[in-house]
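What follows is a pair of complexes built around chain A, which joins chain B in one and chain C in the other.
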Partner chain A sequence: MSNYKLNRRKFLKGSTVLGAGLVAPTIFTRSASAYTNEPGKGSVVLGFNVPQSGPYADEGADELRAYKLAVKHLNGEGDGGMMSTFSSQALNGTGILGRKVEYVTGDTQTKSDAARASARAMIEKDGAIMITGGSSSGVAIAVQSLCQDAGIIFMAGLTHSNDTTGKDKKANGFRHFFNAYMSAQALAPVLVEHYGADRKAYHLTADYTWGWTQEASMIQATEALGWKTVKTVRTPLSATDFSSYIAPVTNSGADVLILNHYGSNMVNSLTNAVQFGLKNKMVNGKQFEIVVPLYSRLMAQGAGDAVKGIFGSTNWHWSLKDAGSKAFVDSFGKEYGRPPSQAAQTCYAQTLLYADACQRAGSFNPCDVGAALEGFEFDGLGNGKTLYRAADHQCFKDVLVVKGKENPTSDFDLLEVVQITPVEKVIYEPDNPMFAGGSLGKCNPGV
Partner chain B sequence: MLKTLRTNDTALMILFSLIVLAGPLILAPFGAGYPDLMQRFAIYGIFAIGFNILFGLTGYLSFGHAAFLGVGSYSAVWMLKLLSINIVPAIIFAVVVSGLFALLIGYISLRRSGIYFSILTLAFAQMSFNLAYSVLTPITNGENGLQVELDDPRILDSATGPGQLPVPSLFGMDMSSTSVVHFLGMDLQFNVGFYVSALILIAVFYLSLRIFRSPFGMILRAIKSNQTRLNYTGFNSRPYTLTAFVISGMYAGLAGALLVCMDPLAGPERMQWTASGEVVLMTILGGAGTLVGPVLGAGMIKYFENIFSRMNDVMVHDWFSALPGWLNDVLTNVISPFLGSGWQMSLGLIFMLVVIFLPGGLVEGANRIMNRVQRPSKSGPVSGPVDRTTTANSKES
Partner chain C sequence: MDAFLLQILNGLDKGSAYALIALGLTLIFGTLGVVNFAHGALFMIGAFCTVVLNSLFTLTKVTISATEKTPWGTPLEIHTPYVQLWFGDIGATMIDYSVFWSLLFAIPVMLIVGVAMERGLIKHFYKRPHADQILVTFGLAIVLQEIIKQIFGANPIPQPAPDAFVGSIDIGAMLGMAQNTVIYPIWRLIYFLFSAIVIGGVFAFLQYTTFGMVVRAGMADRETVGLLGINIDRRFTAMFGLAAVVTGLAGAMYTPILSPNYHMGMDFLVLCFVVVVVGGMGSLTGAVAAGFLLGILESFASMPAVKEFLLGFSIDQVIIYLVAVIILLVRPRGLMGRKGVMET
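And then the complex of A and B:
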């Protein structure tokens, strides 16, 4: 027995010494670089963290196409796309600051846990200097705060929640995409013009940060113009069948259904609503209408005939005729044989904006890059004149109000632009109550 | 006999500690030597060890263990938010809360055994997931996940720099701080968070070793081999199964707390049934009822999830670049469906092979190899040098 005790003591002693010995280097050594993942002479790694599974997988796949195209263009391959129409001509097709651009990809699974694990692997294992991606605001916000802590720039992809640049904004995070507030401000006047000011709305809302802020923004904007809100119902993001949520709408006395859904959620809920005959119903002596505040061509494709005549807003559409959009659609079409979606456009633009900011700053240091992006005014990336506002790292540009085409001429020609709402109509102060509560904090270079 | 057994245990402990502590060195050549994954190895190792105390010893298959992991995570984040960014109160509180939660669920579920017990635990876990996802949104923040925020009270801490989120730490040592050492052309990443998890892993491994060797562990094994007979001898087995259930729930809570200490965000998907199924896979893959098996299984599954899922066809193309073009294309087309988003396919294949050919898990495989190596020198049956319970269990199952 005593022999055994002696063994245990020996073991404890031994393991303590060993543990101390192995932990010691973590206390005494510090890495020498000036910021997290300072790239070497030859190449620089970007991390593309997109949903490859889950309800937003279609958007994620298109985002990845755009990222790969952007990397090609940055490295001087292909036709250069929007690099030639971009107002800043700092990029020259030799990568970023003379380094070849490489990339790693990850699957966010549309879950914040998985997205953060994937982003951490990119930062810690692959040495990514910038993370970009999204397609769910919950994920984007989670990854943005991770990047802030790690000292990495986060260029948000498709994220539409007010909170991304509102209460959850971070100094290391930047968003090119528009947001729920802008959608509502652009869309509400068009809705009132077409459907009248005396309407009762019923909201079905995806139950997470994007849905919440989208719903709040739509209620605020429509009620200001005379609409009433009958009821709001939250639906889980993982839902695939919405019939049980649609059925009560018919007896609620509402004459407009607002679907605060995106991706396959919207495809399913809109299809369910049309199957229930809502589009042909008369309520309160008025034609029943359906509205989808955030629209995308990929979703219109998924929903098929159901989208005809339905209003919504979008960040960008491939049918735009400015030089930037044309160059991008050409280049994307040549590469993949299809026009890009709005998700692809914002991700492509974000990659170029980041590269350009590094080039202008002459450094990859997140603080220098951030300073180069703050207050940056540019044009030629498909959205007309755009400002990266310093106060909240949000881009301000025109918003498109679109409608499902009644007579589409091709598989891609599904939406028509009803109105281009100028930026002055949708801009807001940084302390707007919809965005209040957060602070950017200080830029964090890591280390 | 008894003495050799104990010396073997000491040897096992020393070997286990050495391997765990040398993690960065051992894992770096496999591309797994970065903090996030190493932390996951250690933490899911703890989770699987705890699950094994219930499943491996008593044979009760809980299909809802992720609920305790999630409860531990949420309670730990709340401690980080309200009390202090120091991880000690977070871990203690998480273990206590998940223990109480396990007591409640165990008390109800353990009235049944076999498949009915599994279904009950599955139902409770799914219920917890749905609660966390929708009804309890004020506590769990729903789909968004619960995070540490700038304006949290943290009553025990002094204020941090303006606009900067504090990082979870152990008395001033940040969990995220890492130092990189160049060694034999590799970058070894020594991370504080990993060593905290690793030391806890070693401690709870020792605890599970003591449980396995104790009279209590013997009773749990008796329950597994024949509970009816045990009951007929007038022995009330339920307090023992309940204790085992609570202990393994606390292990899960500890793992959940460590997860948020390394990365302060808790999402409801942590409680989903897939997460509960994962720990069952880990334990069976490594070897249920063995000591090191669950840790091996956890490592294997996390390795697949994090490394295999990030390989793409471009990389496969590069591996075979020396081969002629057409052969390269064929091989790439054959192999790439099993990598990237298809990582679960290759994991499934390996799981099937293990279950069919090595019912005792990876540990049985290791033992068979050891036996084959030793057979020429020794005669007669040789038990596994690492773990005596393996052979006993593989006979039973």
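And then the complex of A and C:
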């Protein structure tokens, strides 16, 4: 029979030893990892968070194709795509820092809450070191904020709102895609050149962050060149029939309709506007014109013949003849039998840029990677010379002004590049009022 | 005046779609007593009948060009529709008028879908509470739209109207007003005429045929009709099929106005339920009248002048629900609701 008796002193001693024993592994773990999801020796996981369902699912599918191609090229498979034309030659087809690149995918559903949930799952369950993708500014801003808190780098996909690198910018977030301000600065002079300086514009605008910044940017850029704004009308994102918004345009005195719409909104509003005969109407002695500031080839396919002759802007187009674009179109076309969209190009570029930054930094630490991306100047990824500005993590490059082709030769040949606006014409100071408020804050390595 | 007329036309056009869908919905409710939340999916399936037929008409023979290449260096594929190869110009006209052909295609398809839906699933819920019916039909609607999304993708698929009906006409000039003041798309006018014909046809069928008379008698007093030795269930199943056809045709004809996409049914469904409730549950004339009324109200509510009058508040997305609340407060059975329908 044991004569062991538990007294208060023994209980306290025991508790202390037990507590120390339990806490010790956590201390070792914390010190063993310097940042969130530090990869092991064998592989590194990237998280591709794209809309696989919802209204932008086709755009998301093209983004995913681009990501898979990028992973293939990073791992030394295929023809290497834009890796061979990329001005930085740090990537060598052996993955990233010698680790094989693997990936997981999430479905944003083009909803902020769903996008955050899938990004969180990829970070916490799958150990993703970087999150990228998305086809909506609302989603991009929400996921960027999550990545900032989690200590993960976010390489934004298709997001065009000024706010992504304006009032909602974050130190862990980086955008390769252009923005609403740059679109407006590139587009307005072309519109004035073709339609004249004496024009009255009527805006129909999607009622969310991207629509607001697109509308403000277009008003500022066109009014600076002599146009007047007759009216701005906000339309709900859920709208499918725009006929009752279009009808008042016909008698408003406006001779230009600017559709600050994207996705299915753009497809439907443009189709409605054409159905109401706006393209053939004469107002104030001038031909009535329609403008779509942000074009996407996939959306143009949805709108069909309605896009013919309509001006807009785009981040990139597969018909560009520079070495990077040609290499990417060749690689993508052979892999999938179709040319890549602008969403695919920006996502592919973002993946290479991230991998290259890790390679140059010699680390996956988000703060080292961020430092490698800040102020990075590069070429060969399809947009000419490009700068990743340190002040706001926005890429600055030439902007394409495009027009719906009158005589397309295929389902993909819908837009023609009218002008390549040099970056000097669209760049702005970091404290530009359109981007005011918010700050990058400090890089967060997590853990 | 011109803006007023334009919004009236817009309202009639929207109301046409609401009235056609609500007519089918209330027909099913009036005959079978089922609250069918899958009714919007029938509208969507009807629209996709047009997509399918257009795809069949534009099935292409692929030939490889000996000289031309794609931008990525592979030989260029030249696609020529078989219909055009076989029938020449007649084939090209068939493709152009595929929306009208799709009506012929949609009738049997929707009849089969409607009868299969009723016999396969909904009949098992006749004696169950309305909440069960709503749950099962709502689930069915989601399944159907996910199937469509898997097959056709998530993006809208444009379906052009025949060339002869593309563009718009100057209604203002026709009415003696100034030119270019009231311009309206031709196809939307055709849609309005089409819906008037279909609605008139359904009413005539119920009013002037023996079958319709029996159905109306069954709607009024199912048990007595059954006691007379008439198999009213079979007739009601046929009415479910008819409602599916009406809704499917509404969807098929709507495709040049709204490019078909997998969630278009859901977009219309909730509004059409409100239309049915406002019109009066089970009342066919009520559904049609409420459809046009709410369509017109919705159009007027989205005018910038209305927004300015309401000090910047936008009510176009809620006007239908506001009116529904007011009508139900004043007339709890809706505009033309009968006593005893959905009342215990």
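Here, the second predicted complex is superposed on the first by the 415 of 447 C-alpha atoms of A that agree within 3 Å, B and C clash if a C-alpha of one lies under 4 Å from a C-alpha of the other, contacts with A are read in each partner's own complex, and residues count from 1 in each chain.
Methods note: a contact is a pair of C-beta atoms (placed from the backbone, for glycine too) under 8 Å apart; a residue touches a chain by one contact, two chains touch by 3 or more.
All values derive from a computational prediction rather than experimental measurement.
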{"item": "Partner chain(s) touched by A:248 [first = chain B, second = chain C, both, neither]", "value": "second"}
{"item": "Contacts of A:304 with chain B and chain C, given as first, second, both or neither", "value": "second"}
{"item": "Which of chain B and chain C A:441 touches, first, second, both or neither", "value": "first"}
{"item": "Partner chain in contact with A:34 - chain B first, chain C second, else both or neither", "value": "neither"}
{"item": "Contacts of A:116 with chain B and chain C, given as first, second, both or neither", "value": "first"}
{"item": "Partner chain(s) touched by A:149 [first = chain B, second = chain C, both, neither]", "value": "first"}
{"item": "Which superposed partner A:225 touches (first chain B, second chain C, both, neither)", "value": "neither"}
{"item": "Which superposed partner A:237 touches (first chain B, second chain C, both, neither)", "value": "first"}
{"item": "Touched partner set for A:107, first chain B, second chain C, both or neither", "value": "first"}
{"item": "Doubly contacted residues of chain A, that is, touched by chain B and again by chain C", "value": "53, 234, 236"}
{"item": "Chain A partner contacts - residues on chain B that touch it in the complex", "value": "3, 6-7, 10, 13-14, 17-18, 21-22, 31, 34-37, 40, 133-134, 137, 142-145, 147, 150, 161-165, 167, 173, 176-181, 189-192, 195, 199, 202, 263, 265, 267, 269-270, 306, 309-310, 312, 341"}
{"item": "Chain A-touching residues of chain C, taken from the complex the two chains share", "value": "2-3, 6-7, 10-11, 13-14, 70-74, 149, 153-158, 160, 167-168, 180-181, 183-185, 187-188, 257-259, 261, 263-264, 267, 298-299, 302-305, 307, 314, 316-317"}
{"item": "Contacting residues of chain A [partner chain B, same complex]", "value": "3-4, 7-8, 11, 14-15, 18-19, 22-23, 25-31, 52-53, 104-107, 111-114, 116-118, 120-121, 124-125, 138, 141-142, 145-146, 148-150, 171, 207-209, 234, 236-237, 438-442, 444"}
{"item": "Complex contact set, residues of chain A against chain C", "value": "53-58, 61, 231, 233-234, 236, 238, 240-241, 243-245, 247-248, 250-251, 264, 267-268, 271, 275-277, 280-282, 298, 301-305, 318-319, 329-334, 337, 339"}
